[in-house]
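Input: one structure, supplied below.
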Amino acid sequence: MSTPGRLFAAQFRRELVATMRSLQEALNPLVFLFLAITLFALGVGVEPETLGRHAPGIIWVLVLLSNLLALEGLFRRDFDDGTLEQLVLLGEPLFLPVLAKVAAQWCVSGLAMTLLAPLAALLLYLPADALGVTLLTLLTGSPALTLFGAVGAALTVGLRRGGVLLALLILPLYVPTLIFGAGAITLAMAGSDVSAQIYLLTAISMLSVTVAPFAVQAALRISLEQS
Amino acid sequence: MTIRELWHRLGSPRWFYGISRPLGIVLGVLALGLLLTGTLWGLLFAPEDYQQGNSFRIIYIHVPTAIVAQSVYMLMGAAGLVLLVWRMKMADVVLTAAVPFGMTMTALALFTGAVWGKPTWGAWWVWDARTTSMLVLLFLYFGLFALRQAIPRRETAGRACAVLAVVGVINIPIIKYSVDWWLTLHQGATFKLTEAPAMPPEMWLPLLLNVLGVYCFFGANLLGRMRAEILEREQGTQWVRELVAVHPIESARS
Amino acid sequence: MHDGLLQIAGFCCERDGRVLFEALNLNLGRGDALELRGPNGSGKSTLLRAIAGLYPDYSGTIETAESLYLGHRPGVSALLTAAENLAWYGALRPGDTEVEAALERVGMTGYERVACQHMSAGQQRRVALARLLVCAAPLWLLDEPLTALDRSGQALVRSLIEGQRQAGGAVLCATHQPLELADGRVLDLEARR
Amino acid sequence: MSTPGRLFAAQFRRELVATMRSLQEALNPLVFLFLAITLFALGVGVEPETLGRHAPGIIWVLVLLSNLLALEGLFRRDFDDGTLEQLVLLGEPLFLPVLAKVAAQWCVSGLAMTLLAPLAALLLYLPADALGVTLLTLLTGSPALTLFGAVGAALTVGLRRGGVLLALLILPLYVPTLIFGAGAITLAMAGSDVSAQIYLLTAISMLSVTVAPFAVQAALRISLEQS
Amino acid sequence: MHDGLLQIAGFCCERDGRVLFEALNLNLGRGDALELRGPNGSGKSTLLRAIAGLYPDYSGTIETAESLYLGHRPGVSALLTAAENLAWYGALRPGDTEVEAALERVGMTGYERVACQHMSAGQQRRVALARLLVCAAPLWLLDEPLTALDRSGQALVRSLIEGQRQAGGAVLCATHQPLELADGRVLDLEARR
């Protein structure tokens, strides 16, 4: 048995290193985000005012989808090369490395997207004064996305081509986060106060931090029983 | 017997198979009676709605299905929890058996709603708090269904679905709340449903009967599916072999 | 017995309707080694995974001490270097051997900084073997540890197993090539049919 | 050597079987489409007139994205279990099985999405009279999406690197299809004639059918030389 | 020579700065069999992949007839059944053996309809071996074909190889377990260092 701190740190470091080795892969979701935004500008038409008015929704939906893309591979490679089963066998208590894995994932996708949001907002003519709120909503909301997503990823890891199935499982769970996130920005654009929504987003993220790791842990054990 | 005894008994598929048959029959008969009276009464004798005319009568299918669809998901969440915590086989059976019915009810609620929407709202589909959360519910159901299909091993599939169902149930209230709030944000598209409580008794009594009827129908259907599921899972065991040997027809039917 | 590391009683298991085990009894104590033989599909991997806790649908009881499982999949992450892989394992279940020492023991010095995806099949297996040194557990469950290993590698596996036994551990090893262990027991799954 | 027809047929059958092993897998991309649409309504808001006006763009972009997701795993599994290298070694001429693979993929994702487009249109308040055109654009346009996507999938299958490259490389290829597709529907809603756009879409698809398979073929060879 | 199925001249190759081959010359004619030996990482797989056309960074010339390559990855798709897998191979490069016959030859009768993801390691390797019968090519390139196979499986591989030689084909086989082929040549990559 090793100390909790050491366990968490080791897993976290491992994840980051592995990500850095396949940096391009880690960047994919971000590129996807901007690709999709560009497509939207092209497909929906670029009258600044309409785009600007819909920007919050578009940004948030696309953040959801690209998050999905990032999560798809969260456990896949570890499962294929057998390190996942070793983690489940040796990692005690398991929820610590799981938490570390998810945290690392969030730093790479959730956090990165948050930081890049202003760029996206710019492309979509989001009024400058709504920028701060956009950042805030993403920062408080994205942890929930990653955590719920991790549950889905853990459930589908054993399956070939789990990619789209994953979407089916977790997108419905994303609904509240999406609504409050996009809604808050819209409200802010209308000039009203949004602290309530921010609190709600934070609450959802908190809830998921407490619940999800255990769900993931259970899901991993279950998925490994198949092979 | 005490609750605890019942609990342990429930854990045994064989015992359940034994008692479930009469129970299922009773529920089935009840469902038939309630639905027949409720529907006939609602469609033939209940007065017209003063503004919607006859189209409002869809309510007698729409509301019951909608209500039951939601309760079924709750039930599955509970079953999932039991399966994960106490590892009770029967909970998995419930989980397996309930999904198709719940999904059908949700789809039916959506469909009847859409059909109703055409005359009342002038559109097949309108983004409204209820419609939206119902749609999300359908997606939740589909997720469970898809996951079960995707996993070959039954036990694995069962527990995977349990995890999903539990997480889903935790989310449902949040989803409902958020969707309501969302509607207040986008006032543009709100359409009022006709107020149920305002209905005179001869309008809502048949509705009540139908709601109860659909619940009974669900109970009967659930038991039936569970019995089939049990037979399939326990095929290897002694008692099933004997059963099949004794009444080939009966066991083939169930 | 008191110092029993593995006690299996009445182990029954079937897959896809084929009965693999009926009422298997098995005990391993300190210093024991058991070779698991049998034709393809006779259930060696299944048994090992069941003991490790990765395969649940069996009946019967399995009491086991902490174990290390080395399966068909090496458990070596391709993106990481040999040293990084082992360091991670060391953090999960610390043993008494250092990473460098372990790598030297399995003859992979000079590869500490090479990403495992750039290693040959056998080299990856060697890294996987080093795990047995970096982590510590009284019971080893090895599934065809000789896979892809050259002569020296096969000798290495034998000496690792002997070392584990001397240290008071036990080894359960599924293999198709005889290991010829000193007073090692052999369980042939075909013979039991 | 086997006859071209037999080669194509065998590969086509193989793909369909592998997909239909669990039928619902084939449905997933479709459900994903509707999930995404729902998310959009939730995020962007549902004023009928705005939704209706943007419906063409939204539908096309989402079809495009779900296509991307579906394609993501087109070669991955075959690569992992080594059948892909066997295909490249044994399949002669290689472009036939490749074409078959893509065709099967299209039947499962592209075609199916086309057939379900009316439902999507309904959810997005697309005027009923624009339905026919929507179907037509998707039918003529989606082959190009699948084919171009396949090139990207082939480039990224083996190596971890190059994912970003892919996105940047696919985007320009998708743009014309998207513009003509969404544009045609918008025009039709305005009541004007769109045969020109339909012809253009068909032309693009034709072009991709002739070019893409060879590009995929080359890309596969490149990817396999890595490992 | 005229009936040469494989001619390698001045084959040089290095990976990660390690020189694996310098000026290797190799000829295989009809009926020849060559065992490729060598420690882990000595370049056996690299050579085979280079001949198969899967590894381009080498200098020197390789002239080869059509070949079948069986590598570390079995080339069996997990979702498909054994029969479906083989039928597909048969369509790619038709040989003279029927699918059922091939499966029977490798001792997998009864598994035609089993999805390969539900097979044990050795059973999957056997399905991969059946490919050598379903497809036809004068030159076989086998990379550790004995992996995960039981006794009977190993005998099977030997008889398959002999069959191929009698049919006028040639076999180049990397392995760590001696195959003891009748007048088979052996190339030990370590000895050449």
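Letters A, B, C, D and E mark the chains as written, and numbering starts fresh at 1 in each.
Throughout what follows, contacts are C-beta pairs under 8 Å (C-beta built on N, C-alpha and C of every residue); 3 or more make two chains touch, one makes a residue touch a chain.
Here the structure is a predicted model, which means the values were calculated and not measured.
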Which chain's centre, taken as the mean of its Cα atoms, is farthest from the centre of chain D?
-> C
For the pairs B-D and D-E, output the one whose chains share more C-beta pairs in contact.
-> D-E
Furthest chain, CA centroid comparison against chain A | E
Geometric centre distance via CA averages, chain C-chain B, whole Å | 48
Cα centroid separation between chain C and chain D, in whole Å?
-> 46
Which whole number of Å gives the spacing of the CA centres of chain C and chain E?
-> 28
Just curious, how far off is chain E from chain D if you go by their C-alpha centres, in Å?
-> 37
Residue numbers in chain A touching 2 or more other chains?
-> 21-22, 80, 160, 165, 168, 171-172, 175, 179, 186, 225
Residue numbers of chain C (touch at least two other chains) | 56, 72, 79
Multi-partner residues in chain B (2 or more other chains touched) are 136, 139, 142, 146, 150, 152, 155, 179, 182, 185
For the chain C and chain A complex, residues of the former touching the latter = 52-56, 68-69, 71-80, 84, 87-89, 91-94, 115, 131, 135
Show which residues of chain A lie in contact with chain C when the two form their complex.
-> 1-2, 6-7, 9-11, 14, 17-18, 21-22, 77-78, 80-83, 85-91, 97, 224-225
Please give the residue numbers of chain B that touch chain D in the complex, ascending.
-> 123-125, 127, 132, 135-136, 139, 142, 145-146, 149-150, 179, 182, 185-186, 188-189
Chain B residues within the chain A interface of the complex = 84, 136, 139-140, 142-143, 146-147, 150-153, 155-156, 159-160, 163-164, 166-168, 170-171, 174-175, 177-179, 181-182, 185
In the complex, go through chain A and note every residue touching chain D.
-> 21-22, 24-25, 27-28, 31-32, 35-36, 38-40, 42-45, 50, 53-54, 56-58, 60-61, 64-65, 68-69, 72, 80, 160-161, 163-165, 167-168, 171-172, 174-175, 178-179, 182, 186
